[in-house]
Amino acid sequence: MSVAAADPPPAREQHAHRRRLPNWLKANLLLLPTSVWFAFLLVIPTAIIVGYSLGKRGIIDPVHFSWGHLIWSNYTEALNTIYLPIFIRSIEYAAISTLLCVVLGFPLAYWIARFGGRLRNVYLVLVIIPFLTSYLIRMYAWQFILQRNGLLNRLLGDVGLGRNHEFLNHPSAVILGLTYGFLPFMILPLYASIERMDKALVEASYDLGHGKISTFFRVILPSTAPGLVAGVLLVFIPAVGDFITPELLGGVRTQMIGTTIADQFGGTQNWPLGSSMSILLTAFILIGVFVYLRRVGEEAL
Amino acid sequence: MSEPERVSLAFIWDTASPHFSRRTFVRTMAFMGAAGFAAACGSSGNNSSAGTGSAGGSTPFRLSNKPEAKVLNFYNWTDYIADDTIPNFQKETGIKVTYDNYDSNDELFAKMRTGDTGFDLIVPTDAFVVKMKHADLLQPLDLSLITNINNLDPRFRTADYDPGNLYSIPWQWGTTGIGFDQTQVGGSVTDWDAFNLPAVNGKSAFLDEARDAFAMALFALGHDPNTLDTGQLDDAEKYLIDLKKKVKSITSDYQDPLKSGELLLCQAYSGDVFQIQTDNKNVQYVIPKSGAFSWVDNMAIPKGAPHPRNAETFMNYILEPKVGAALTNYVQYGSPNKAAEPYIDKSITGNPLIYPPASVLAKLPFQKDLGENEIEYADRWDKVKSA
Amino acid sequence: MRTKPAKSALRPRYLKLHAVLVFGFLFAPIVVLVTFSFNKARSGTDWTGFSTHWYHALVHNHDALQAFRNTLKVAITATIVATIIGTLAAFALTRFKFHGRAGYNSLVFISLVMPEVVMGISLLVFFVKFAHQELGLTTVILSHITFCIAFVVVVVKARLSSFDNRLVEAAADLGATPLQSFLRIVLPLAAPGIFAGAMLAFTISLDDVVITFFTSGPGSTTLPLYIFGQLKFGVSPSINALSTFVLLFSFVLLAIGGAFSVRAARRGAGAIDATALA
């Protein structure tokens, strides 16, 4: 049960006679390519957005930035209460979708990892195949299934359940789209983690007289926690900022924060406001993620 | 089978560069170094580093006699050109055209605002010609090279958005009216009040474009569609917020839902509806009685374009009567090219929805250039959408 | 695989049913898509008869094939580079404790959370204003690698965080060099995670529209951009045919990649057994 906690090796000193690079140097060497990459293509662009968020909206230049005149009011404007319901809605949709992804994804990943046998990789590729087509095409296919004259209504009509249900334009359509769109981001890390789980532990748990539920919560869940945490992060975080799904499957009452931010760079032409919104969103999500990781005891930070 | 049609793993890589990935890697590493250097210089020397646009020193000065490479980087809407337009141009002039696609004015504008993108010729809609002009993103045209300009309908020589065609040459034009399924709406659709038909409640949509949506409200209220009057704009804002409760969505991607019957009625661009009609004959288009905007897509040259001369050559080519007619016969929108009309299919020139009679034309104003005041519309639009 | 089903906490029979249902959910839109790629009429919604016409037309669609070529160049390069450097970073982040680890993880999360439009615009500004780099396939690839790294790091980290370092210690005691133990023990153990990360990277790169739009230049239109424009008038059978073709093609690519990783994993498994026995 202590598999997850066996992280740093305790006794390294005894091998000191062998020629070895110090750990900090090894770590830095391994991190070097990513560090260089992030420094240029993530840190600088993020800094540009931070700069924009403190600039003044302009006609000729989209943003006027000057050190002497930082416009902090972009942030108070971003916190305007008219955006609050949209923000809460985004969190809500993303959270529900994440939960659905766990419910749908965990048993599937578990089944593939433990009972997939020699076909495990085949099943895994089957999970990913639908995602090798354009996201938009898939969402259009869902539109086709869910719309008023769509496949689902026709099927329901054929079995006498009425054929005039409104599925689109409803929060559930957006949640369905998000769940569908991010499901492999849950399944793949879960699989990678479950596949590593020591089956002997499960057996041992039974031998010690634990029941199914007890074994699930005491053995299976803790030892697959890293995959679950990774899956939750990979689904929840991008889902909050998504803006294509609500646009295609939602309606006037399902706008999400990603759309609002995109609008500031598009139709509304208010880049400073859009930048401050996305900085706030990022900060908020980061805080949430760190609190979450602390809670689930993921000490990999 | 000719070269590009062969489908095999080998076709992924250019035959000219078999070691693509390695070369890319080397180039990438070299670039990273250069980028670091540039970033260091850029951030230390310039305190307004976050600002972008015209002031950048990278805009090359245009020398009138500098010969250009025989290349034209053309950035146009998807499927918005006749099949033989580019091949014939290449044959005639020897200029090789690279053709890329975009699908939204907003995104094109956002992209152009950050600086040189390498494109020579773009096709923004009138409202965006105005925005780009104000943002100093367009090059003035050398009209002496565009000798066919007199083939244009005079209406397009003096249009509100670019009088005198200093920055743009019109490509195609149409109107922003209403598309609807005539078998489902349960009434006659002649004006903007059709959104009130009970049958379309919750099954309609209007455009996700500030000026177009406000124009609809302003036309319906009997106001000037280009107004800056606060009272009239307040009325329009309220009208839109009320209308929002009745519609299904605010979207510019209404084509597929309208075709499939998911949407029964929506504010729509004329040409889109005609395209939909090829699949669904029940969908009709109407120019609302109280008036509607004319839209015009225009060819323009971004500042810093590497081959502006070739772009002007292309503009002149498009204005040739037969070339313009072939374009219109393919895309089925109205042509601004008066001289092309004799060569355009009668089914197009005889259609009052594409070539409206003078009495209707009088109620189809262009979007006016509002300059700084455009923000007024943008901010009110944000409120409508977030309401 | 010898576990007695009745004893298992999650019973295989229900699990199997669940798996079938989830696969049904995953493939529902794909079935629609593939079916309608064989539709006779131009319409994407009414079935009028079987035809392979749209596949024949596809072969002559130069623009679409060029866009597909671009897409594959981008996706393959981005996947390979992101997988390699992301895996190295994941190793460092799980195997060593050092200052700034939390900061590093934050960076990974930032690249996940930043709305696509914002990331696209900021990268574009960086390329054009700071790096003075001409827009084209190179800038698209650089951007794709950036957002793919995060996915690889998170997935590989999850796989490695339960890694038992005693295996490496044991190997070292038996005289294995660090490189040997890395290649023979750590890498094979991490293989499923690396493969999963690579698959995710490949699919998101294959699919990206927004960031690609902003960072592309003349001649670098990718397939999603091409399709995005076509979709304005709804899904046509030709788009469906194109998607089906892409589906098959990338499936073959994945299968090849998968076969390699299976081989590597098998070799690795042998190595682990050997160390465990020793």
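Lettered A, B and C in written order, each chain numbered from 1.
Everything that follows uses one rule, which is that a residue touches a chain if its C-beta (ideal position, glycine included) is under 8 Å from a C-beta of that chain, and two chains touch if they have at least 3 such contacts.
In this text, all values refer to a predicted model and were calculated from it rather than measured experimentally.
Participant: Which chains make contact with subunit A and with subunit C at once?
Facilitator: B
Participant: Starting from the Cα centroid of subunit A, hunt down the chain whose centroid lies farthest away.
Facilitator: B
Participant: Per the definition of touch at the top, where is the C-beta contact count highest among chain pairs?
Facilitator: Greatest number of C-beta pairs in contact occurs for A-C.
Participant: Hey, how far is the Cα centre of subunit A from the one of subunit C, in Å?
Facilitator: Their C-alpha centroids are separated by 15 Å.
Participant: Could you grab the centroid distance between subunit B and subunit C? Build each centroid from C-alpha atoms only and quote it in angstrom.
Facilitator: For subunit B versus subunit C, the centre distance works out to 34 Å.
Participant: Touching two or more other chains, which residues of subunit B qualify?
Facilitator: 35, 39, 49, 52, 107, 110, 253, 256, 260
Participant: Which subunit A residues reach two or more other chains?
Facilitator: 37, 40, 44, 48, 140, 144, 149, 265-266 - these are the residues of subunit A that touch more than one other chain.
Participant: Where in subunit C do residues touch two or more other chains at once?
Facilitator: Residue numbers touching two or more other chains: 44-45, 121, 125-126, 130-131, 142, 228, 231, 234-235.
Participant: For the complex, give me every residue of subunit C touching subunit A.
Facilitator: 1, 3, 7-10, 12, 14-16, 18-19, 22-23, 25-30, 32-33, 44-45, 84-86, 88-89, 91-98, 101-102, 104-107, 109-119, 121-123, 125-126, 130-131, 142-143, 145-146, 149, 151, 153-155, 157-159, 161-162, 164-166, 168-169, 172, 178, 189, 192-193, 196-197, 199-200, 203, 206-207, 209, 223-224, 227-228, 231, 234-235, 239-240, 243-244, 246-247, 250-251, 254-255, 258, 261-262
Participant: Contact residues on subunit B for subunit A in the complex?
Facilitator: Touch residues, subunit B against subunit A: 32, 35-36, 39, 47-55, 104, 106-107, 109-110, 113, 131, 134-136, 202, 208-210, 244, 247-251, 253, 256-257, 260-262, 371-372, 374-375, 378-379, 381-383, 385-387.
Participant: What does subunit A use to touch subunit B in their complex?
Facilitator: 36-37, 39-40, 44, 48, 51-52, 55, 57, 59-67, 82-83, 86, 140, 143-144, 147-150, 166, 168-169, 247-248, 250-252, 255, 260, 263-270
Participant: For subunit A, which residues count as touching subunit C in their complex?
Facilitator: 3-4, 6-9, 11, 15, 18, 20, 23-24, 26-28, 30-31, 33-34, 37-38, 40-46, 48-49, 104-105, 107-108, 110-112, 114-115, 117, 121, 123-138, 140-142, 144-145, 149, 151, 180, 183-185, 188-189, 191-193, 195-196, 199, 202-203, 206, 212-213, 215-216, 220, 223, 226-227, 229-231, 233-234, 237-238, 240-241, 243-244, 258, 261-262, 265-266, 271, 274-275, 278, 281-282, 285-286, 289-290, 298, 300-301
Participant: Which residues of subunit C touch subunit B in their complex?
Facilitator: Contacts found on subunit C: 42-45, 59-60, 62-63, 65-66, 69, 72-73, 76-77, 80-81, 121, 124-126, 128-136, 138, 141-142, 213-214, 216-221, 225-226, 228-235.
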